[in-house]
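Note that the chains are named A, B, C, D, E and F in the order they appear, and that numbering of residues resets to 1 at the start of each chain.
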Amino acid sequence: MSDEATVSAHLLSAQPNWDLDRVVAGLREARDTWRSAQRRGRDFGGRELPSRSALNEIAAALCGALFPMRLGPADLRQESEDFYVGHTLDAALNSLLAQVRLELKYAAREAPSSPTELELRAVEIVRSFASLLPAVRRLLDTDVTAAFNGDPAARTVDEVLLCYPGVLAVIHHRLAHQLYRLGVPLIARIVSEIAHSETGIDIHPGATIGESFFIDHGTGVVIGETAVIGNRVRLYQAVTLGAKRFEQDADGNLLKGAPRHPVVEDDVVIYAGATILGRITIGKGSSIGGNIWLTRSVPPGSHVTQANTRQEVINDGAGI
Amino acid sequence: MSDEATVSAHLLSAQPNWDLDRVVAGLREARDTWRSAQRRGRDFGGRELPSRSALNEIAAALCGALFPMRLGPADLRQESEDFYVGHTLDAALNSLLAQVRLELKYAAREAPSSPTELELRAVEIVRSFASLLPAVRRLLDTDVTAAFNGDPAARTVDEVLLCYPGVLAVIHHRLAHQLYRLGVPLIARIVSEIAHSETGIDIHPGATIGESFFIDHGTGVVIGETAVIGNRVRLYQAVTLGAKRFEQDADGNLLKGAPRHPVVEDDVVIYAGATILGRITIGKGSSIGGNIWLTRSVPPGSHVTQANTRQEVINDGAGI
Amino acid sequence: MSDEATVSAHLLSAQPNWDLDRVVAGLREARDTWRSAQRRGRDFGGRELPSRSALNEIAAALCGALFPMRLGPADLRQESEDFYVGHTLDAALNSLLAQVRLELKYAAREAPSSPTELELRAVEIVRSFASLLPAVRRLLDTDVTAAFNGDPAARTVDEVLLCYPGVLAVIHHRLAHQLYRLGVPLIARIVSEIAHSETGIDIHPGATIGESFFIDHGTGVVIGETAVIGNRVRLYQAVTLGAKRFEQDADGNLLKGAPRHPVVEDDVVIYAGATILGRITIGKGSSIGGNIWLTRSVPPGSHVTQANTRQEVINDGAGI
Amino acid sequence: MSDEATVSAHLLSAQPNWDLDRVVAGLREARDTWRSAQRRGRDFGGRELPSRSALNEIAAALCGALFPMRLGPADLRQESEDFYVGHTLDAALNSLLAQVRLELKYAAREAPSSPTELELRAVEIVRSFASLLPAVRRLLDTDVTAAFNGDPAARTVDEVLLCYPGVLAVIHHRLAHQLYRLGVPLIARIVSEIAHSETGIDIHPGATIGESFFIDHGTGVVIGETAVIGNRVRLYQAVTLGAKRFEQDADGNLLKGAPRHPVVEDDVVIYAGATILGRITIGKGSSIGGNIWLTRSVPPGSHVTQANTRQEVINDGAGI
Amino acid sequence: MSDEATVSAHLLSAQPNWDLDRVVAGLREARDTWRSAQRRGRDFGGRELPSRSALNEIAAALCGALFPMRLGPADLRQESEDFYVGHTLDAALNSLLAQVRLELKYAAREAPSSPTELELRAVEIVRSFASLLPAVRRLLDTDVTAAFNGDPAARTVDEVLLCYPGVLAVIHHRLAHQLYRLGVPLIARIVSEIAHSETGIDIHPGATIGESFFIDHGTGVVIGETAVIGNRVRLYQAVTLGAKRFEQDADGNLLKGAPRHPVVEDDVVIYAGATILGRITIGKGSSIGGNIWLTRSVPPGSHVTQANTRQEVINDGAGI
Amino acid sequence: MSDEATVSAHLLSAQPNWDLDRVVAGLREARDTWRSAQRRGRDFGGRELPSRSALNEIAAALCGALFPMRLGPADLRQESEDFYVGHTLDAALNSLLAQVRLELKYAAREAPSSPTELELRAVEIVRSFASLLPAVRRLLDTDVTAAFNGDPAARTVDEVLLCYPGVLAVIHHRLAHQLYRLGVPLIARIVSEIAHSETGIDIHPGATIGESFFIDHGTGVVIGETAVIGNRVRLYQAVTLGAKRFEQDADGNLLKGAPRHPVVEDDVVIYAGATILGRITIGKGSSIGGNIWLTRSVPPGSHVTQANTRQEVINDGAGI
């Protein structure tokens, strides 16, 4: 055999060596550096956090329980609708309870509670959440109707429920918002991000949204934590309801927590690409044109459009 | 044991109670409210609709059958390419037939047909769809070539097929468009939304698109139901080909169905973020600049750019 | 039985016929047309390419190995962190080796190498990649800190790591960038597209990005292949760092390869929807306002905002 | 490169060829030979048969519905027991309906029926089966109690239900027997074989078995189609209740259908390895010793043991 | 449409009705009857029991940790053997801890303990079990060697480990026996039954078995709870080491718990189908012939064979 | 909080410690002991062996390819039978090639070959195996017919193919036997054990079996490596065709390799539980009764039954 062939044969039968011990040690050191920078002992790091994959399954189950004949299993029949709803809810709520325990324990690292207190709160949160589900369904029905009425391409309410990413995002938001209100903001955020990843629509679970809400197409929509949206509001893709830039404290750190996103009153329509920033108010019945950049309040009934985006149109026939 | 410990022990061994009977009843009432508002009897709601997860598998199988060595199984060899294509198609078409039956039955709730008629139509739709696949593949080859030619970062046509979300979206669109034309618009829409969720590119299955079509990056692109796109057209991310706002009938309801999206002629390029609205025509060989907001037709060979977006540049050195 | 019933019975028991032989032959002909146009023999097409689903698993495993207690398995305990990291890395690196072999073989179709050379290079690439992981983790820690400091809505660094799509995209980018540098650009691109599909953030693996990088919300962000980004840079959703249009050679073909995307220096903030095109430089400490369209360099410390987007506000009370 | 290395390189990069076309053709010819020998046209062979994997899931679901807290999901709570049972039954019965349709269609190849008749019968079979389930559960409770009482190693009735293969086999038998009685013997047989494969206990679904039946250990037990077993019978491993050999008709063919297996009356115990053949009767309260070979009836109260299996015991100390 | 066709159409579109409410109620009543017969309140039934599917995964993981290069993942390399073993053990032990908690809680329904006591015991059981694993591996190595030496068909020790059901059964037994000794007999029994189902070999976890133990073929072997087996013992298929029948107490109930299975001393061979019953002793170095039925002790060095099973050989040429 | 509660709280929040480092080290030492006893260096142990789970999938795929309409996918239609067969075979043969490579490499540790030789042999083995499949199918058709003709309970040939474990075992045997003959005995053995585990029928892949072979019920059947079985032979459950005991060489080791199992000529029937040992011949057309223990040859046409197993029948009425 030639040298080449010998080397080749050796290579093909031998196992490569990754110098794993050194890589593993390097990663451990990097973690230790981080943990000491974060002032976290060994003990701290061991606490578990809520799991995205578990919440993925919980969210899917809740969608099925809310709309059993549309988002439930393909072979569901009306005769057993309640059986399905009850069984699915039970499994989802038990699983949610486990996630809530994890978040409460995690939060308790700074405000210690007894295990009993944590357990009582966890059960109470899940029980309250469960009791809110019928109201959430009724609210979502107004959203579905709004989507059907708001899009000329929609043929039936069922198509809306099956196909529209905006509806999917709103279902997740309405669930996430209740979780946020009940005191598990991290779980709420993960539920929101599940929809964000699926639809490109980023609604912070803290946002307050009225009935009959519709987002068409939706990719790129961003709605911030302290935004307040009224009833019968319609948004198109790439609309931002954001915070103004440069909100810093005396030390130059970004300020956390205060109301900093827009208030959008009832019956407002905001077209694609509009960017609305800061704690301003869009008055009732206003419409905001596409690509508008708005940082001050407008009174009820306003129609905001770009006054004179002069465009240069050159026709040199080059493309013909 | 202390009181605390007793409560704790009790909590840990007992099962929480979710008051499920009440929640299930509440959800049933909410459904009943909705169904009576929709004038749907018990019977109606029981009909099944096409399933997104089934169509997900069908779409993936069709992608594999169209591009076996690139989107088919990793271990496929050319010797058995036809076997793979034939077997995969057969399974996908049988599964599609089941979905088509569901949509036809659903549609028949308003225009009743005999089971025989429905079955004959369902089989005919799937058979026609199958016969169109070779033409779809040839069309897609023009798209792949256009992508390769249109992006300086593209190294090979294979990279384009494996990595480019724009290509993935166009494959799904070309399949969905045939389904739309053959009379199963709900299935078509679900296929489109599968790609929308994966790529952030939202092409309504009704849109008509010529050969050698390329969308680069793609996130945020929206193409409406009645849009008509010529040959060799190139779009960038966040381009909207939408309907104008406020198309209402005498009663204030949005009008459904009529042509309301742009016609884009051959050899047009539309840059990132451009918004083109209404039944206008972008003439052959035109280019539309980034972020342009366009609501009126432009003749062939036009180059539209923002004339004078004056920008304020302040240099206070604050960031240094 | 009536005729109708007879037909129905026949339909229900018979199997539909898809004329599969003809469809399969049509697809084969289409493939042959394509392959001869691409000057690919039978032999060529048979070569395998890297697999997205394999790289999906590899990327997820690497995320777990980098952040074991946050992105690793839910039940991981600190006692066995190193065991998990070592085992996960080993499986991921072996799997990556198989993918690297495929890309090198594919690339070798134009620059033939001996199997021995290919194998030596493949092993070397994976070994180098492994050795870089601790440094990647340290870099990512600066990104996580930047995200926490840069968003008023972020409660903890853990929330940032679990929920922020921008962080997910950056983790994938930092891995993909090393693979790109080590000579497997197709694998690198697939890893980037995994994150693009999940987050709507499209970072080409070739882009060079400094420490403490943060993208907020992120949907619609596009960062091109030759972009260079300094330290402590912050981007918002829908920011484009792209190439200028019309870069063609003498024959009208798009030019491939040369530096064509922006250089963004340290401490720059770029707000939502800004589009920055061409090989220009954004000087240190600058801020670029939302929706800005920028195609020329700005010096350090610049603040670019839209000077006078005059807006027409009509208040006719129609919406009230 | 040496010749050896060249060949090696070639081998490693080329794909082996399996001469698939010839193998596929060979298999088709073998199928055609078989089908023409069976006088089956193309049409016949296309009919589907019940699916083992579908019945596997159905059987598992029915076990869960019968014993929800023991064989149902791990996290089931009593509060939602009925929800689980109802939902699980509904899905299992719908799935069973599909399987029953297949068997009825298959059976109808020799005794044609209209689709309507087949459908009516299929629905009737499943409905009857469902209505029998509470009685099946009550019967199984007697079996569980018998197992607990009959085995000194059994600690609790729960252990018996969770661990004893004999109990698993009897659950499957009692379900299969009802299906056999209702007219779907092929489905019944598949359900029996699922348990046979799991436990090594082979009970033909046609066998009639009274209450409080217990099989201990069980591997190798065979109970024939026409066997009749009374109440409170106990069997051990490797017991055969079989047909006598050589039951042929005038032409030397084995006779099918007639009663040919034993009748075992109430309160009989049959020990490991006993073989009981033919349409004989084991009288009430008898016990049959291990390894006994019995081909004639015994009256009530008999105790059958091997009279004098003389054994040669040689002690040559060889093993010490 | 004819009547027939009308009925058919109705059948095909309508959903069958299973009268589920009645079936569910019937099953609930059956459960209630059982529970009140077992004197179990609602509360009792709600307690969970160890899960077979969880233990299935645990057992498979432990097999991998014991024999990483043979029963671990296909792509494992020696470089990362310890990483794999550590990570796999950690996950398996955590999962086992959850199962142990369930069994201890279940057992505590009759002998109540505080949650703290239960938790301490559960952790102690799992920790002890973990510490015994190296010794279990050493013992199993003697079994593998015995299998290789004892079967003329065995080519290598690796074949024995990969293929022999007897070896699989012994691995499970040695794990189950430790669990049995440590106080979780239900978990132990489920682990044993996993192997029983897979191999047809039924070894009660209570049985005590010395080193270098080999079962060839194995189907039908039964080894009882109180059996004691010495070193270097070899069994063939269908051997029973059972209890004598009729061990009843004064009230006619079967006695539970006392030693009732054979003691088999070192270096004994027992051939296929032999049945050995009761608390007898098979002396060191003995061999027991096939199909022997033995209910009394034999001294060391005995060779037991069937003395004179006279057989009738009729040669009527009928079969020729 | 009380002490008890304090401990409890601590327990519930802390993670248990398994002293993993020590357990992992203990297991490593046990492996090292074994490896040095086996004279295996680090290098040796790293070689991979064929994988049972991979062979499981290969065997299932081959069953489908042999009997597409019965063991293939539920929705297969005759129109695409060949597509399915070709695609399934291709994937199964590719996967088999990988397994064959592993066994050849493993075998080559004692008789080193060049990588080229190994690859050539591996491809040749798989190609030969593929070419034999049509003949295997024809042989299996005789087995299916024999099963149908041999069992009074069999209704159709389809039932036999779907339900009979004896048929499943023979399919696996006929595949395994070809693999054994082609020089991959370890793979062959694993395929046999897959069927053994499923059916309780243990046929060594080395056994030679003629056409029209039927095993009824089957649990406990053992057929040894060098057994030779003629045409039209029928076996019942628990029949052993084994080796005689005590075949040792001069050093007391068991002899490996030589013919040591029975020759069973054409048209023989062997009833349940019969044990036939050693290299004896059962003459053409003989029948061997149940439970017979036979260690010497019988001439053609023999009928062997137990002459006078005297049984003691005591009727004391105790059971009544």
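The working rule: contacts are C-beta pairs under 8 Å (C-beta built on N, C-alpha and C of every residue); 3 or more make two chains touch, one makes a residue touch a chain.
These numbers were taken from a predicted model, which means no experiment stands behind them.
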{"item": "Chains touching both subunit B and subunit E, listed by label", "value": "A, C, D, F"}
{"item": "Same or different contact residues where subunit E meets its copy subunit D, judged by the half mark", "value": "different"}
{"item": "Counterpart interface for E-F, drawn from D-E, B-F or C-E and sharing over half of its contact pairs", "value": "D-E"}
{"item": "Chain located farthest away, centre of subunit F as origin (C-alpha)", "value": "A"}
{"item": "Centroid spacing, where centroids are CA-atom means, of subunit B and subunit C in whole angstrom", "value": "21"}
{"item": "Rounded Å distance between subunit A and subunit D, as computed from the means of their C-alpha atoms", "value": "50"}
{"item": "Cα-centroid distance, subunit B relative to subunit D, in whole angstrom", "value": "48"}
{"item": "Sequence positions of subunit E contacting 2 or more other chains", "value": "1, 4-5, 8-9, 12, 15, 17-18, 20, 24, 46, 75, 77-80, 82-83, 85-86, 89-90, 114-115, 200, 219-220, 238, 273, 287, 291, 306, 309"}
{"item": "Residues of subunit D touching subunit E in the complex", "value": "65-66, 68-70, 74-75, 77-78, 81-82, 85-86, 89-90, 93, 97, 114-116, 119-120, 123, 126-127, 130-131, 133-134, 137-138, 141, 149-155, 157-159, 162-165, 198-200, 217, 219-220, 236-238, 269, 271-273, 287, 290-291, 306, 309-320"}
{"item": "Interfacial residue positions of subunit D with respect to subunit B in the complex", "value": "15, 17-18, 20, 24, 77-80, 83"}
{"item": "Touch list for subunit B against partner subunit F, complex", "value": "1-2, 4-5, 8-9, 73, 75-77, 79-80, 82-91, 94-95"}
{"item": "Contact footprint of subunit C on subunit A as seen in their complex", "value": "4, 7-8, 11-12, 16-24, 26-31, 33-34, 37-38, 42, 45-46, 48-54, 106, 185-186, 189-190, 193, 196-197, 200, 202, 204, 206, 219-220, 222, 224-225, 238, 240, 242-243, 245, 247, 253-257, 260, 267-268, 273, 275, 277, 284-287, 291-294, 298-309"}
